[in-house]
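Same chain, two partners: chain A is paired with chain B first, then with chain C.
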Partner chain A sequence: MNDEINTECVIEARGLTKVFRDFWGRPKVLAVNGINLDVRRGEIFGLLGPNGSGKSTTIKMILGLLHPSSGQLSVLGQSPRTVSVKSRMGFMPEESYLYKYLTADEILNFYANLYGMSGPHKTERVNTLIEQMGLSKARDRRVGEFSKGMARRIGLAQALLNDPDLILLDEPTSGLDPIGCREVKDLLLALARQGKTILICSHHLSDMQDICSRVAILLQGEVCATGSVQELLATPDTLKLTLRAPSQTTLTAVLDLLERETGTRPQVDHTGRTLESVYIETVSQRKSAP
Partner chain B sequence: MSKASARQFLALTGLAATELFRQPASFLLILSSNACTILTPLALSFQLGQETHLALDSSLAFEFMFGIILAGYAACATLHNECQSGTILIVFSKPVSRLMFFLAKYLAIALLILFFVFCSGAASLLAGRLSPRNFEFDALGLRLLLAIPLVAIIPAALINYFTRRSFIVYALMGFTLALVATVTALGMMNGEGHRVAFGSLIDWRILPACALEGIALLILAAIALTLASRLTTPTTIAILAVVLFSGLISDHLITLLPSSETLRFGVRMILPDIQAFWPADRLAGGESLSVSVIAHAAAYGVAYACGILCLGYAAFRNRQF
Partner chain C sequence: MSTHPGKSLTRISALAGLTVRDAVRSRLLVSLGGILIIGLIGLPLLISGDNTLSGRLQVILNYTLNFAVTMLSIVTLWTACGGVSSEIQDRRLYLVLTKPVHRHELWLGKWLGIVALNALLLTLTGFIIGVMTWHTLLTSPESETGKRQAREQFLLARQSLFPESPVSTQQALSSAGALLKSGRAPAGMDAAQVATELMKELKSARFVIAPTGTIRFTYPLLTPCTGVNDGILKYRIESSRPERNPIPAQWEIQTAAGIALHLSVTNYPGLPNRLLIPGSVMRGAQFLTLSYHRLDSSSPATLFMAQNGQEPELLIPSGSWAMNLGRGLLMILCRLAFLSALGLTAGCLLSTPVAVFVAFFMMVLLALSGYVESVATSGVFYIPHEGAALSKTWLDKVVLGQFKGLNRLTQPLLHLDPVPLLEEGRRISWLLTAHALAWLAGLYTAVTAVIGIFLFNRREMG
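And then the complex of A and B:
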């Protein structure tokens, strides 16, 4: 049963193409060139690629903001231009496109109204998200006065207002500090565990590696590589062995043995912590100190 | 319309209207229009008894002139800027139909235009009341006029300083209240400060005339919104000005065309008949605008605005972002 659910395609694209045309209808830019994409329910799918590779164009087509020039695109089993399908979707754009003169509270209430939410359910949802995003103290401040990181948090909150089945995120960790980044990644993993499908565009490859189950790499509008992160990262004939440091004699003997077996001398490194883990540990300790 | 749809529509209209009323440019345009309307009669002395007539003419002209700038500006501020700034991306990622979005924007602009027409009506009443009679200015009235900007700006500035609330919104509210209070006060007294029957010195015929122009401005607002999905503010206002002046001389323009009935009918359908909304000639002849004249113009205005909005929506429906 679980397998059936997991293989259900939430986004299905076949030969998806987008050509931008000039005023006279002549082709100007081929932004997306016949891509095939299957995003399954409950997975975090990453769309990687350099600037201008067609990632944002693809997301906009999935949202129905751009119309494909050719090809088939189905989102949650419907055309992306169907208005009702958007009640099951949440979107956070690359830039924080927010009404700068509204407060955090007003902006979330406005978007909640657009989802048709009302009464205690709306209030509860807005309050929960404001708290979850760590914006309780700033809820009555205008969004125009927010730092980039705070604006990104509001952007993420509005994308989650309707408890969507499909979440589209364009650079979700951009502008966030490392702790915020970690919180967002943990939140996305928790959402995926609840069965939400998440499609992310990002340049932060380490973040994508941390959370994505599958990725597609786009280049000049075409999918160059696709597959699970484990598949793409695996090098079948190479192993990494981590162990408590033995004595020098034992180490030399083991290395000699392995060199005779494989024909190459194994490389020995001391395992180190990442700068991210040191940062998070230091800041957390300072914050929790009395 | 379901409750959820009604909530969406109200949210979209409310936000667009709030945005428009908070714009400094909206306040400045309304203030400038009313200042020109009220102050121009003071420069129109020595007109051999035609002072009041000229005051009314100029106030109607100012309403049109500032009205098209406001309509063009508001349409672009609410639609074009939303497309440019990217906020529309988030709105259309929600279950919002483009028709609802487009109509909500129009309703917000219409609310601003109606507010502008209300202020213009009050200013025009003041202009008629304060125009010099027998080469004499109403000194008491002029003093009351000077108080209007002070009443509008000082409380708004204090509210903004102490509570950080929008200066523009409170200045606009203060200005409107001061305008209405001045009309009421001057309606009850003559130039020497003696009490008279309320409104006996005011030419009330200007109010239906302003309303008539308001209907024309609502048509022009529909055209502005249609243009604003693609064009910038200066271009939109320039096109509105051309439409306004072509509409004012549409009868004459049609006589210049070849005598093909089909062509003339086509041009008559496309160009708004702004002459039907220009009441100055009737007022100059001493006539009042009858209810049937206004009802006829309103019916034409509604039909024309609906037609334009349908065209605008057809263009906006397939707009890509």
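And then the complex of A and C:
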């Protein structure tokens, strides 16, 4: 989605493999099997795949929570196990692994302290993110009392606290209403425009299609397909033509001509809006009404 | 970003603060505080003792301190084990570890948080014990003399003194050397063993009191007494005969200025005795010589004076009770700090229930350090009767090495329990407190921490 994608690799995996072993050290599960991955600076990269395909294991290796069994993995030019590299990363997990007894304000301050932030800079950053995530009215409420959507927002806020260069998001739009979903997608696009690299793991294919510049599809621990979204979606011998509806005579004549040329009769359909756009328009109109 | 020491401190204090906040918000602190208050106030009400003021004070100091230490030890282990393992299980730690946090910072932060909680609860314990003790003393219907005696007995820190030995270890060693040279020492014994036997023999000979005989002990008073409070001499008489007839005797108390006092006593063999030595006698004295004159001439029995195989112990006033209690609580905090380290290390490797089980097992081993010492020195599992022949089985031989190793590990901890000292009103010196700080909160905790952090660093968060 970014016009000028840098070719510098932020995440580089070569033959990355992860084998989970049992208590006696015998191989139990081959979760990731020799994958190669390049995520470039400034792009939004989507990691797709069914449950158990190795997405979460790959993300955990990138975060340094799991150690690769073999292969090479470099994140921002360093080993992911290097602690200093984590100061340039932000992570939003699939579920809200947050301390439920803390308020939104306390939780952001706590994570800001872990980044070594202090003073007015910390206060300003926390306030900005709380406002940006629409949590100003809930900043003194405990996270345990939050709805799933609000918890996702605070999860995203903590991932952005350190203004990271690399952002890893596991199902970022899960639990959000369509407007919240759109806001998050817009935010991610804006971040990518600022040069941030974003790696997303999601089952919401339409969301991934909306924002990802490149994707990789994982299956049984292996990369089955990878490339830009346009490349993967494009069918080279098929075209889509959008035009203002002509008269029936003209349309029939054009269709006959095209059928003679290609051997198949073209399919004609009315273009329609998506349900998402109708929903957003309706709700926005109602909210802005006096 | 992560290596700056100031930022490292920020992270550690944030993690410690989170641990304390967790305990406050989850109502653990309030519940524990409540249980402590109920236990500390309720126990002395339930256990009446002998209904004397001294008995009630004994109950307060003995039961409440033991109750508080036991409860805090269990809670510390539980909290420490769960501090890491439960956060791994519910994955809250994943988010923390994706931040620029070294695992040793996480370990230290958690440990400091638990130690801070313990410090808070121990302060509450000390405050309650102090209030209850003074309330019991002030509201007691006993006479002023009774109150004074009880105060003298329990509410005063007393330094323990033993008399000068008639022979020094150096002298014993040189005598042993001479015996070995002349070939009069038993075969197979080295100089140290001969010297030990010599010392034992000399001590035994020193304790003997023949009818109408006298035994004399000299106590150097390291710090001159103010003379406000009395001293206490603790001694026990044993008889060579089975009869337990009362023994009339007289104690003579002598200082550099001359004989200060004669006190007549009647002692029963086998029972502990306490002799109050007036503070006025000890005022400004450099040393105190106490002579025991046995007055009975008709009894053929030989008497031995020994308190658990040692010379009579003189307890002299030395500092305030409140400060003593403070030092005792600090020693307990050192022990809890070590237990926190033990629990955290177990929690870094194992799931909560398994970690708790392992940590409790380690705690039991430490509590059994006296037994471990007995096995390591005697070489058998059972505790043998004095003088009985030892019969070693193959099992004793196999595990003796392990027990000796364990004994070396637990040896420094044997004398670091302040509760018996507080119960008996003995002074807990700053040296002993520093010893507890260095060994328990220092070396043992550091070694446990290094092991825990090393293994935690290798652990994957899958």
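Throughout what follows, the second predicted complex is superposed on the first by the 285 of 290 C-alpha atoms of A that agree within 3 Å, B and C clash if a C-alpha of one lies under 4 Å from a C-alpha of the other, contacts with A are read in each partner's own complex, and residues count from 1 in each chain.
The rule is short, and it goes like this: contacts are C-beta pairs under 8 Å (C-beta built on N, C-alpha and C of every residue); 3 or more make two chains touch, one makes a residue touch a chain.
These figures come from a predicted structure and were not determined experimentally.
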item: Overlay on chain A: chain C relative to chain B, clash or fit; value: clash
item: Which of chain B and chain C A:A225 touches, first, second, both or neither; value: neither
item: Touched partner set for A:Q158, first chain B, second chain C, both or neither; value: both
item: Touched partner set for A:A245, first chain B, second chain C, both or neither; value: neither
item: Which of chain B and chain C A:L257 touches, first, second, both or neither; value: neither
item: Touched partner set for A:L65, first chain B, second chain C, both or neither; value: both
item: Candidates 81-89, 171-179, 243-251 or 297-305 of chain C: the single one with C-alpha clashes against chain B; value: 81-89
item: Chain C-contacting residues of chain A that also contact chain B; value: 60, 63-67, 83-84, 86-87, 89, 91, 93, 95, 97-99, 101-102, 110-111, 113-116, 118, 158
item: Residues of chain A that touch chain C when the two form their complex; value: 20, 60, 63-67, 83-84, 86-87, 89, 91, 93, 95, 97-99, 101-102, 106, 110-111, 113-116, 118, 158
item: Sites on chain A touched by chain B in the complex; value: 60, 63-67, 83-87, 89-91, 93, 95, 97-99, 101-102, 110-111, 113-116, 118, 158, 168
item: Touching residues on chain C, where the partner in the complex is chain A; value: 1-4, 6-8, 10-11, 13-15, 17-18, 21-22, 25-26, 90-92, 94-102, 460-462
item: List of chain B residues in touch with chain A within their complex; value: 2-5, 7-8, 10-12, 15, 19, 22, 85-87, 89-97, 166, 318, 320-321
